[in-house]
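First the structure, in the form of structure tokens, and then the observations on it.
Letters A, B, C, D and E mark the chains as written, and numbering starts fresh at 1 in each.
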Amino acid sequence: MAGTINRRSKKAGLPPGTLIHVGERKTEMVRITVIDYDEGYFQEREAKTVEECFPLKGKPIVTWINIAGLHQVDIIEKIGKQLDLHPLLLEDILNTEQRPKMEDFENYIFIILKMLYYNETTNKIKSEQVSLIFNPDLVISFQEEKGDVFNPVRETIRSGKGRIRKMGADYLAYALMDAIVDSYFIILERLGERIEYIEEELVVNPKPETLGYIHNLKREMILLRKSVWPLREVVSALERCESPLINESTCIHLRDVYDHTIQVIDTIEIFREMLSGMLDVYLSSISYRMNEIMKVLTIIATIFIPLTFIVGVYGMNFEYMPELKWRLGYPVVWVIITIISISMIAYFRKRRWL
Amino acid sequence: MAGTINRRSKKAGLPPGTLIHVGERKTEMVRITVIDYDEGYFQEREAKTVEECFPLKGKPIVTWINIAGLHQVDIIEKIGKQLDLHPLLLEDILNTEQRPKMEDFENYIFIILKMLYYNETTNKIKSEQVSLIFNPDLVISFQEEKGDVFNPVRETIRSGKGRIRKMGADYLAYALMDAIVDSYFIILERLGERIEYIEEELVVNPKPETLGYIHNLKREMILLRKSVWPLREVVSALERCESPLINESTCIHLRDVYDHTIQVIDTIEIFREMLSGMLDVYLSSISYRMNEIMKVLTIIATIFIPLTFIVGVYGMNFEYMPELKWRLGYPVVWVIITIISISMIAYFRKRRWL
Amino acid sequence: MAGTINRRSKKAGLPPGTLIHVGERKTEMVRITVIDYDEGYFQEREAKTVEECFPLKGKPIVTWINIAGLHQVDIIEKIGKQLDLHPLLLEDILNTEQRPKMEDFENYIFIILKMLYYNETTNKIKSEQVSLIFNPDLVISFQEEKGDVFNPVRETIRSGKGRIRKMGADYLAYALMDAIVDSYFIILERLGERIEYIEEELVVNPKPETLGYIHNLKREMILLRKSVWPLREVVSALERCESPLINESTCIHLRDVYDHTIQVIDTIEIFREMLSGMLDVYLSSISYRMNEIMKVLTIIATIFIPLTFIVGVYGMNFEYMPELKWRLGYPVVWVIITIISISMIAYFRKRRWL
Amino acid sequence: MAGTINRRSKKAGLPPGTLIHVGERKTEMVRITVIDYDEGYFQEREAKTVEECFPLKGKPIVTWINIAGLHQVDIIEKIGKQLDLHPLLLEDILNTEQRPKMEDFENYIFIILKMLYYNETTNKIKSEQVSLIFNPDLVISFQEEKGDVFNPVRETIRSGKGRIRKMGADYLAYALMDAIVDSYFIILERLGERIEYIEEELVVNPKPETLGYIHNLKREMILLRKSVWPLREVVSALERCESPLINESTCIHLRDVYDHTIQVIDTIEIFREMLSGMLDVYLSSISYRMNEIMKVLTIIATIFIPLTFIVGVYGMNFEYMPELKWRLGYPVVWVIITIISISMIAYFRKRRWL
Amino acid sequence: MAGTINRRSKKAGLPPGTLIHVGERKTEMVRITVIDYDEGYFQEREAKTVEECFPLKGKPIVTWINIAGLHQVDIIEKIGKQLDLHPLLLEDILNTEQRPKMEDFENYIFIILKMLYYNETTNKIKSEQVSLIFNPDLVISFQEEKGDVFNPVRETIRSGKGRIRKMGADYLAYALMDAIVDSYFIILERLGERIEYIEEELVVNPKPETLGYIHNLKREMILLRKSVWPLREVVSALERCESPLINESTCIHLRDVYDHTIQVIDTIEIFREMLSGMLDVYLSSISYRMNEIMKVLTIIATIFIPLTFIVGVYGMNFEYMPELKWRLGYPVVWVIITIISISMIAYFRKRRWL
């Protein structure tokens, strides 16, 4: 967390509009892939420079430029100039600690999303920023690293299946957002499995590590929620369909993404409640155990301490202790000891400690 | 829970609009029942194929097609084609992990609801998705399994009692929703009984299993709430009566369903608060018990440990211990022991431990 | 609670609009009282049948029909027919587990309220449903039992004091609602006294029963809130004065009822917060007590266990133990014991345990 | 609290509009003071009867009538008749358990506020109701007792400093409200000091009384909030400046009062959060202490109980115990005891108990 | 906190509009710096008196007057007269306990913000009030002390980099706000580091001081939130761009500040949740430790107390104890002791205490 803010605070003191890459991930080379398509046409190529991406094909064709890697600031700058993008928008793309948001700049729409990965070994969620810009015939997507979350979309375009090749750039933008939101379900699945695993452990053998696991999951939930909550407003704003850049038929699909987002948020909230419940169970099972331990101690101590006192009495070395001389002294002591033990056990039975 | 998300995540990576049945329940055969009725006419038949359901009778007649079982995707597809339904709608029907929702597609209205069953042996709530589509003269309902929750509605149509035969398809859709919401009260009744049972157990003999029961009920409440909360918006949107597909006279009845939904939600919230209160009682009764146990231990130990020390003193084997030679040594020790015991007991009385 | 839902769930499976009395209270006979009045005229009579109540007197006169007892469904049905009331409304009157609500049926207004009684012996709040229907010259009130909460209103009408005789049926409806809301203050007074009593007990001698009392009061609060919260919307809707059935001068009085309702809700919330605070105090006073008990045990054990060890040492029977032969062996042991005791006590002093 | 409701419940059963003084404070005599002023003119006099207050001076002059004491109901009634006030308004003035509220009766505005006093000895907040009525040239203020919170306003009018003499009655009403809200800061100051005092005590030596103090402060906060929260709406409604009775220049000043009210509410919320935090600290410091106590007990018991067993072994009186005859038996036992003690201490060191 | 309210309460009783400096920080001399600039022109000078600042240069030039130090009330008064500012505004500037707020006085806009500093040694956040007034060609900023948070802005103006020299006074006001909000990230970074440090300590060795640290951080969070929350409304109101004083191009930048403010608020909330989580972990780790301590005590006591009883038995001095004469008596006792020990350990193993 401190790291996050740290990176953000690097910018404090610079004039607004200064382009600085805030993230820490440096892929070897920024990779630019360009896909042109319409219902009949399909071309996929890798571009070395920004210039290669432009000029775009004629109007009926949709172009998707994907930029994987943000550390070469000049690339972002060139794209900004080429398409006359607002400087603050470029800044937002590079500042990878942005909240998800949507901004409508009349002739293009700008969206920031979070791609999430679940690291199985550290049980931590890694977050990557994805920015989308689209106008009627162009979508540009910016990733921090080359990920594979967009591959299904690429595959669908290549194969020409589904409706994507028949639709405009707004539908492509929707498909990319849909791919990201769909990937959240995979993370929720992993988290759900982990919660179930911990819940079982909690029943079998609660340990302080269990508490640590719960605590860590709660932290991940906090961060997850931070990434997903604002998405709701983003998709809701798009789905209201106020921009002429979004076709009405795409709106119905966006409503679908909205439903999924709500479902993700619901699930996060349910997980949070479950984790809170598990914490309660952990704490009360510790209390209960303590109770059990105390009971054992008390039963043992309460039975034997008085008995030890009695045998202590007849361990005294007074010259004049008549009982010591009695023939039946020793057996009588044993009888007394037995009576005390039995009545103690009866008392514990009555109090339901045994 | 993980299972739920699991099923949902199967879809990640597929192009939007792909029809896949996400649920796990496979009935032997999808069962299609068709009921045609108006005030004077009534016909009920079972259809083998989708084609048999159509063509529909002339206008004044209302047709109700019920499809029990979702695993034959082609059936859903055919119905979709026949009625020109939106592909995303078909997807939603098959994806049984949907939130309850309502969508107005101008010439028909689409509703997703949750049917709930309470499993007495596992004390778990099972959820089944029900989808409704209706236009002025047709209602199609999709169930995951053939349930009996719609039987009362069927019975009412058959018998011709009530107003249902005089009204349109919107009234039938209302009657189905009403039947589902009414069935929630049965679940709440079971849960209420279980809460009362646990509450009594809590007073008589709190055990760690009691905590487990409370925790499980809280979980069920979370899931129940997830199914019922969104229903509120669904019914509220219908009841606002903005669609021409819903007659005004049906609206008043929908308001009634809305009231019932609110009552269900209220009761869930009350149950949740009660369970929280019970958790508090459980925890504090454990604390109180520990207190009692500690008191017993402390009283016994505090009385006998000093006495054991005293008898230990006169168990020492020093050659020169004048007390050991005294005639009254032994009785004096008993007097001291008695005094200490009595003053200890007085002290405990004063502190209200006895 | 389970009972409540139970009664409600009796209706599941019946066609909407079926009239069934859901409550369990059967008075011997349904009692119908009719009061006709205007500024100069007053007549009070008891009716045997519904027919006797009608025809109503001429327009300037206000008629108040009070029906105490809901178990004779035919009476309700006849009134419904006579006045052409909506079937769902009649159903709501009979279903005594309704939430408080207000519905405007253009030519009459329908209100459901809850009358509350505090049972001193069981410390439980009993809730009774009251339904009001009014149009410009008629008020019909339905009670489950003949209560005395409307007596002051009757008295005011009889005596002709106040403004009630000069005003219309809307003012009478207001006066009845005012009487009900006023009666809530009596309940709050009782609850307030009980909270104060428990709070004092909590300071003097916290017992597990105290916890039970707090828990029960919290439950009553949950149920009380359920009855009163929706009232806010009811009165607020009436007070907005959008119906032509309510005169503007009555609106100001309704605003007054609204203020009282808010005050009742405020007080309930304050009571809830107080009870939560008391639970915290109870729990922490138990913790504190445990602390005190542990201190006593630890002080005694920590002083005497080492001493018992020392005297144990000289109780050993080795043949070669030089100390046993020393003349000063025994007194030296006493000196050591005294030093250990004093230093222990000094240590406890330092740690503020004594 | 019970008292509050008690007083309120006195009214239940009376017809609405009955004037009854609900408060319990009876000053010896109701004191009526009248101040007439405009920019150039100033007159202050005490009135014996209501009649003396009227007739008012000519228009340009502002008249402020202050009535200290509400137990002479006839005075309130006469003023009501003189100014043609609504009966419910008079009732509200006398019912001193009202929530703060504002009502706009077209030709005058009616405001209820709470004056608060902090009693240093009981650490309780006393609340007094203040009602204000104003039209363009008259302000009437009703107090339960003669307080001194309005003295600064009086002083400002007398001295002619500030803008008050140049402004109308609405500004005077604002000045009175401002004086009341300003007096809240004094209370918050006292409460803040008390919280700091308790916080320090919590660090130095937490006692059960400390808990009592925190609990009491929380209660006072609940009551304080009840008095101040509704004020926000009151001032907000005034500040929206929709009434022609309030000049626009006064509105800016009312916005200032609004800001102060928000600041008071913020501070109350912060105090509440601090008190919650302090409760947590108290509880966990008790837990920590218990831990410390248990550690001491465990260390002592764990070291000496085994040793006592060992010396007990050689205190047995068997005839055939070879060790007892050994020359080195006794020193060897001491060596064993030392080894056990040291290893125990090492174990505790390792577990960080020492 | 008490100090804060204290300073505020100094004002109670004074007529509104009285100018009093409420803060406690007295710099040696109030320092007035004036910067005039436009795209081509730049002049920076220090003014001794308010008169020196005026008259302003011709229209195209933007003037920024920065006043560091508020204790010379006459300076503020003179500026107020020169620019015809509202008296309440001047009061707000001097009353340094104001909430952040924005007020639109048609021909100028008035903004109050909080500058925050993190004191590394006391781990406390210090808050300083900054007021901004701007019209189309003038910005006046008031600071309590000369801080360096505006230096980057000064530097940017001097160097002529960025867009600031090309834009109007509204952009300068934005740049100052941006500088302040950016400085919050530095504080969040420090707090984030501290939270991480405490979290680690919590895992390694929870101490009561750790609790104190958490508690202090929670307090700082409460105060931080108080300073930042209202900022959201302030920036949101500005960003809605309803005033003609703010150019549309500046609005996009204000939206950026708004995003940052939301990010700060999000982070504060996340920190708060983390601290709550840490408190839970602290409390439950204490509980767990207690459990461990109790286990050790119970194991030791449960094994040795019965053994001590047994050896006590054979330490009795009865004349007729046959076992004492047996040749194998002593070894048999050891066998019994061994059996008891082993079975006890087996029992603890079974209960998972070992």
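Just so we're on the same page, a residue touches a chain if its C-beta (ideal position, glycine included) is under 8 Å from a C-beta of that chain, and two chains touch if they have at least 3 such contacts.
Remember, predicted model here, so these are calculated numbers, not experimental data.
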| item | value |
| --- | --- |
| Interface sides of subunit A and subunit E: same vs different residues, half threshold | different |
| Centre distance in Å when subunit B and subunit E are each reduced to the mean of their C-alpha atoms | 42 |
| Subunit E, residues touching no fewer than two other chains | 283, 287, 290, 294, 297, 301, 305, 308, 312, 315-317, 321 |
| Chain contact graph, described as a line, ring, star, complete graph or other shape | ring |
| Residues of subunit A touching subunit E in the complex | 1-2, 4-6, 8-9, 11-18, 86, 88, 91-92, 97-99, 101, 103, 205, 208, 211-212, 215, 218-219, 222-223, 226, 279, 282-283, 286-287, 289-290, 292-294, 296-297, 300-301, 304-305, 307-308, 311-312, 314-317, 321, 323-327, 329-330, 333 |
| Complex interface listing, subunit A residues touching subunit B | 151-153, 156, 161-164, 174-175, 178-179, 182-183, 185-186, 188-189, 192-193, 195-196, 203, 252-253, 255-256, 259, 262-263, 266-267, 270-271, 273-274, 277, 280-281, 283-285, 287-288, 290-291, 294-295, 297-298, 301-302, 305-306, 308-309, 312-313, 315-321, 351-353 |
